[in-house]
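In the part that follows, the structures are each spelled out as C-alpha cells.
Shared between the two complexes below is chain A, which pairs with chain B and chain C, respectively.
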Partner chain A sequence: MASSSQLSQSKIDPSVFQRLHPRAYLERFLSEGIRPDGRDPGAWRGVSVNVGSISTAEGSALVRVGDTTIVCGVKAEIAEPELDRPEHGFLVPNIDLPAMCSPRFKPGPPGEEAQVLSDRLNNVLISLEVLSTASLCIHPGKAVWVLYVDATCLNYDGNAFDATLLAMIAALKNTKLPMAKFNEETGRTTCSHSSSVPLDIRHLPLSASFGIFDSSHILADPASFEEPLLDAFITVILNEDGALNSIAQSGLATVGEKSSEEVVAGCVAEAKKRCADTRKCI
Partner chain B sequence: MASFDRRRINGPEESRPPVFDDEIDSSPSNLTTREGRSPKDIRPIFLTPGLISQANGSAYIETEKTKIACAVYGPRQIKNAPYNEVGKLNVEVKFAPFSCTRRRAPMRDAEDRSTGVLIHQALVPSLRLELLPKSCIDVFITILENDGLEGCVASGSVAASTALADAGIEMFGLVTSCAGITMEKDIWLDPTAEEATQARGCFTLACMPALGAITSVWQTGQMTADEIIQCTEECQARCKDIHDVVATALLNSRSTKG
Partner chain C sequence: MGSRIETLNAGGYRSDGRRQLELRDFIIDLPTVSSSNADGSAVVSHGLTTVMASVFGPREARLRSLTLHDRAVVNVEVGITPFSSGERRRRGRGDKYILELAAAIKATFEPVIQIHLYPRSQIDIYVQVLEQDGGMLQASINATTLALINAGVPMSDYVAAITCGVFSTQPLLDLTSLEESDVPHLTLAVMPKTGKVTLVTMETRLHVDRFEELVRLALLASKVLHAEMRTAIRAHTGELIRAMGGSRLSRVPDREDAPGDDDQDEAMADA
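Right, the complex of A and B next:
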C-alpha cells in the first residue's frame, strides 16, 4: 500500500483520486475535521417532506434527505383476515431500490440491500405498533383492509433507512380510507367516495443513523460515498415523545478512547435532537 | 392476486381493490364538450433535468396527473457480450405500485415492457449510436402517477429525451411526443385517462421538431385516413411547442449548474 507521502507527491486530479483511493480520500478530509460534501462529522442533511401529491394513492409522501429521494405511496385493498386473527387487518411495507437510483443496483428482483431494508422497516412498523391493525377491520372474520405501503427510491445518496421510515410515516399519516360497509347477505363490501377516515396512528417513530469510520470518527447521516467505507453502523429509533424505541448496531462501536457504551449513549443524545427537528416536517 | 414473492414482505394471498357504490349506480358520463380547456390545448408541462445526482443524466416531468422520473446511465460498457459496432439503447419502464387506480404488482409485467418498447422506438432514431461501439445506454423510467397510457408514453418519451440530453449523449435532435384522441367530431390533444376511455381512436406521435422527422407513430382504435393525417399535423405542431419547453428547461439547468 502506498504511504501517504508518496500519494501527496504525485499530481492527480481530485476526482480521479476519489475513484482510485476512496479510503485515503476520506481520511484526508476527516483529518481536517470535515467531510467530502462539506459537512461537519456530526452534521445532518436538510430534510424536505411533501405529502399528498399522488392522487391515485390513498396516501403518499415524497421525502428528500440531502440528495436521497424516496417516494412512498399507500394503496388500500380489501381481503379476508387470517383465521387466527379475524379482527386484524394487514400492513405490508416494501421498499424498492431500482436500477435508476444508483449505478450500484442492477435491474431485476430486489437485491440484498432492498430485502434487508424491507425487513427492517417491517419490524419497525409492526413491532412498534405504529398502526393498530384492529382499526383496519371492516367486519370480523370476513373483510379487513390491507394497506400496501410501497416506497421507491429515486436517488440513492446514502442513509435510505432514515428517509424511507420518514416517508412511510408521513404517507400513513396522510392516508384516508373510504368508509366501508359490509353487506352480510351478499358477502360484499362497498365503499363510498363521499366520506373518508384517517388512519388510527398510534406512534410516529423516526430514526437517526450513524456510521463509524476507522474506529476514530462518528459520521452522522452517511452519504453514498462514505457508506461502503464504514466499519460499523448505529441506528437509533425514537418515538414522538423522545422515548427510545430501538437501537441497532452492527460492527464494533469503539471510537478512539471511548467505549462502545459511551459511543452509543452519545449517538442517542444526538438522535434526540435530530428527530425533534425532523418531526417538525411531518 | 399476489403470489408469494420470497424477496418481499407479503400480504394476504388474495386482496381486491375497493368497490365504490356510486360507481355501481352511475355509468360514466358522456363527454361531448371538453371540460376546462379547448380541444387543441395541452396541459402545462413541468420539466426539470438533473434531479437524480447519481445518474449521468436525469429528468422529471409532471403534467397535471402524470408524474414520471427518468434516469440515464451511460454510455457504459456491455460485459459478457460479443462485439457490437453500434451502441445499444436499453429502455426499462416501471409503473410504481401506487401509480394506477388499481395497485400494480412490483414485478415488471407485459404493460411495462410494451411501454418500454414504444419509448425505445421513439428515441432510437434520434441518437448517434454509431459513435458508441461496445457500449450501451440504459434509460430507466419510473412512472409515479399514471393518467392514461398514451399520456405516459408521450411524457415518458419527452422525459427520456431530456435526460439523454442532460447526460450529454450526442443526438440528432430532441424527441418530443404528443397524443391525440378522436371523439365524435373533434380531435382532442393530450387526453386524460377518462377522456381516452371514451375515445373512438387514440394516436400518439413522436418526432424531432428540429429536423421535422417523425420517429414513431402508435395508433389504436378507429380512425379514418383523413383523421390520421389531421392528427399527425396537429400533434407535430404541438410537439414544436413542447420542444421549446424542453430546450428552455435544459438551458436553465445548465446555466444554474455553471
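Right, the complex of A and C next:
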C-alpha cells in the first residue's frame, strides 16, 4: 500500500478510500510504480484458453484474461447469399455483456459498451479478412454458410476487447463445418453427418490494449477499476507474422515529455511481445 | 426415411445408454478463487446441459421504489446463449420463455431464502445457460442453490430439482432434450430434508395415475442430488478453511442430523 504521508489527520480504511477517491488511490499506487492489483504498469495478466467445451456449437472457446472471462460459440447456418455478392458467405460476430458479469451493467437491452464492442470486433473480423467469405460458399447464388460468432462475458474485469477477440479467433480456429452439397434439382442443401472440414482461416489477428492515466502513465491491459479513470486508450492489433493490422487511439496520447507518436510506437513494440506470447495459447 | 431413436428399448436402455432411473453425470464447479464480481457463483452440468448461476447480494437496491420495508427483493435474470441449443436461437431479454423461466426460479427460491433478514435490500440471481440438452430449469435451480450457498445467503434448506417423465407406463428420470420432446414430463424442485416441494411445472399431458409415482421417484432423485451438492459444498468449504490457515478444522464433520446445518461459508470461517 502506498505511503500516506499527505493524508489528512483522520485515518481512513483503504477500501473506503478506494471508493471515495478512486483517482487519488490510483495515483498513490502509480507514484510507487505499482498498480492496485500488484502489477507493474507495463505488465500483462495471465491468459488461459480452453476450446471445444460447448458440444452444441460448431466451435467454441472459453478465455480468461486475468479475471475477465469470455465464452464464445460459433454456430453455422445455411442461407441465400446477397444478390451482388453471390459467392460470399457471412460472418456475424456479436458480444453480449449481461448484468451478471459486473455490477456496472444493468439488466435490459445491450448497453453502449456492448454495442461499441460488437461494432469494433465486427470491423476487425471483416476488414482484416480473418476468414475468406468466399470459402463459405456452398453453391454460388443459392446457398452459403452464415457463421454466427456469439460471445458472452461471464465476468468483467476490464479489457473485454482483447479477451473477446482472442475468444472469437480461438473459437473460429476450433470450428468444423459439415461437408455440404447443394442439390440443383430440389434446391436443398444436404450436410454430411460424418465428415467435417475446418474453416479456411487466413489470418489470426490478436490485440493488445493500453490505457493512459493522467497523461503520465501508460497502463497495459487495464483492469475494471482503472478503466473509468483513464484519459486515453490505445489498441494495437497484430497479425500472426507480426505485421501491424490496426492501431486505434481514442483520447490524447501524450505522456510526460513524449509525443503521441513516440507513445504509440512504444505501445506497438510492447504489443508485439504480448501478442507473440498470447499466440502460444491458441 | 431417417432412422428413429428408441426412447426406451426392450432391454431397458435409453437412447443415451442409461437405465430408466439413472441420472446423468452431475458435475459441480464451485470457484476456488473469488475471481468474479459476484458474491457467489456455481457452474452445474447434468450431462450436456451446463448452466452458470451468479448471485449478487444482499445488496443495496437499485431503485428505492422497488424495495420492500420488511424483506429483501429477489430478482432473477436468465440468459440463454445463442449457441447453447442445436439450432441457433437468439432470445431477447423480454422473451416469454426466458421470463417464465426466471419467474419459476424466483417463485422456487423466495420461500426458501430467509429474506426477512434483509429488509430494503435486493438479492440478484443471474443464470446463464451455456449448453442445453434437456433439464434447463432443473440445472438452473440446482446451480442457483449452490451459488446462493456460495454467496452465504441464508436459506432454510437446499433446493434440488429433477425432471421426470413417462414412456408408455415406464417412468424415466433426468430427461435429455430428445426425450423431453418425446414423452410427457414434469420438473420438480424439492427441499430434500423435509421433502417439501417448492416447484412443480408440467406443460405436457400426463395421466393422473402416473403422477404419484413420478413425484415419489423425483423425491428419491432429489435426495441423491442433495448428497452430491452437500459433498461439493463441504469440500469447497474445507478448502477455504485450509486456505485461511485453519488446518485442524479442515476435515469438516459430517453431521447429518445436526440442527441448523446450513453450510454457510461465513459460519464455518468463524468456527
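Structure notes:
Going forward, the second predicted complex is superposed on the first by the 274 of 282 C-alpha atoms of A that agree within 3 Å, B and C clash if a C-alpha of one lies under 4 Å from a C-alpha of the other, contacts with A are read in each partner's own complex, and residues count from 1 in each chain.
We adopt the following convention: contacts are C-beta pairs under 8 Å (C-beta built on N, C-alpha and C of every residue); 3 or more make two chains touch, one makes a residue touch a chain.
From a predicted model like this one, the values you see are computed outputs, not experimental measurements.
After superposition onto chain A, the partners chain B and chain C occupy overlapping space and clash. In the superposed model, A:180 lies in contact with chain B only, and not with chain C.
By the touch criterion stated above, A:156 is placed in contact with chain B and with chain C alike. In the superposed model, A:188 makes contact with chain B only, not with chain C. Once chain A of one complex is fitted onto chain A of the other, the partner contacts of A:60 extend to both chain B and chain C. More residues of chain A lie in touch with B than with the remaining chain of the pair chain B and chain C. In the superposed model, A:244 lies in contact with neither chain B nor chain C. Once chain A of one complex is fitted onto chain A of the other, the partner contacts of A:106 are limited to chain C, with no touch recorded for chain B. Using the contact criterion defined above for the overlaid structures, shared-chain residue A:276 touches neither chain B nor chain C, since it reaches no partner. Applying the stated touch rule to the two superposed structures, the overlap between the chain B and chain C interfaces on chain A comprises residues 54-57, 60, 67, 69, 71, 73-75, 77, 94, 96, 98-103, 107, 109, 148, 150, 152, 154-157.
Against chain A, the residues of chain B that register as touching in their complex are 7-12, 14-22, 24, 51-55, 65, 67, 69-71, 73, 92, 94, 96-101, 103, 106-107, 138, 140-142, 144-146.
The touching residues of chain A, counted against chain B in their complex, run 53-57, 60, 67, 69, 71, 73-82, 90, 92-94, 96, 98-103, 107, 109-110, 114-115, 118-119, 122, 146, 148, 150, 152, 154-157, 178, 180, 188-194, 224.
Interface residues of chain A, counted against chain C in their complex, comprise 54-57, 60, 67, 69, 71, 73-75, 77, 94, 96, 98-103, 106-109, 148, 150, 152, 154-157.
Within the complex, the chain C residues that touch chain A are 35-38, 48, 50, 52, 54, 56, 62, 75, 77, 79, 81-86, 88, 90, 92-93, 124, 126, 128, 130-133.
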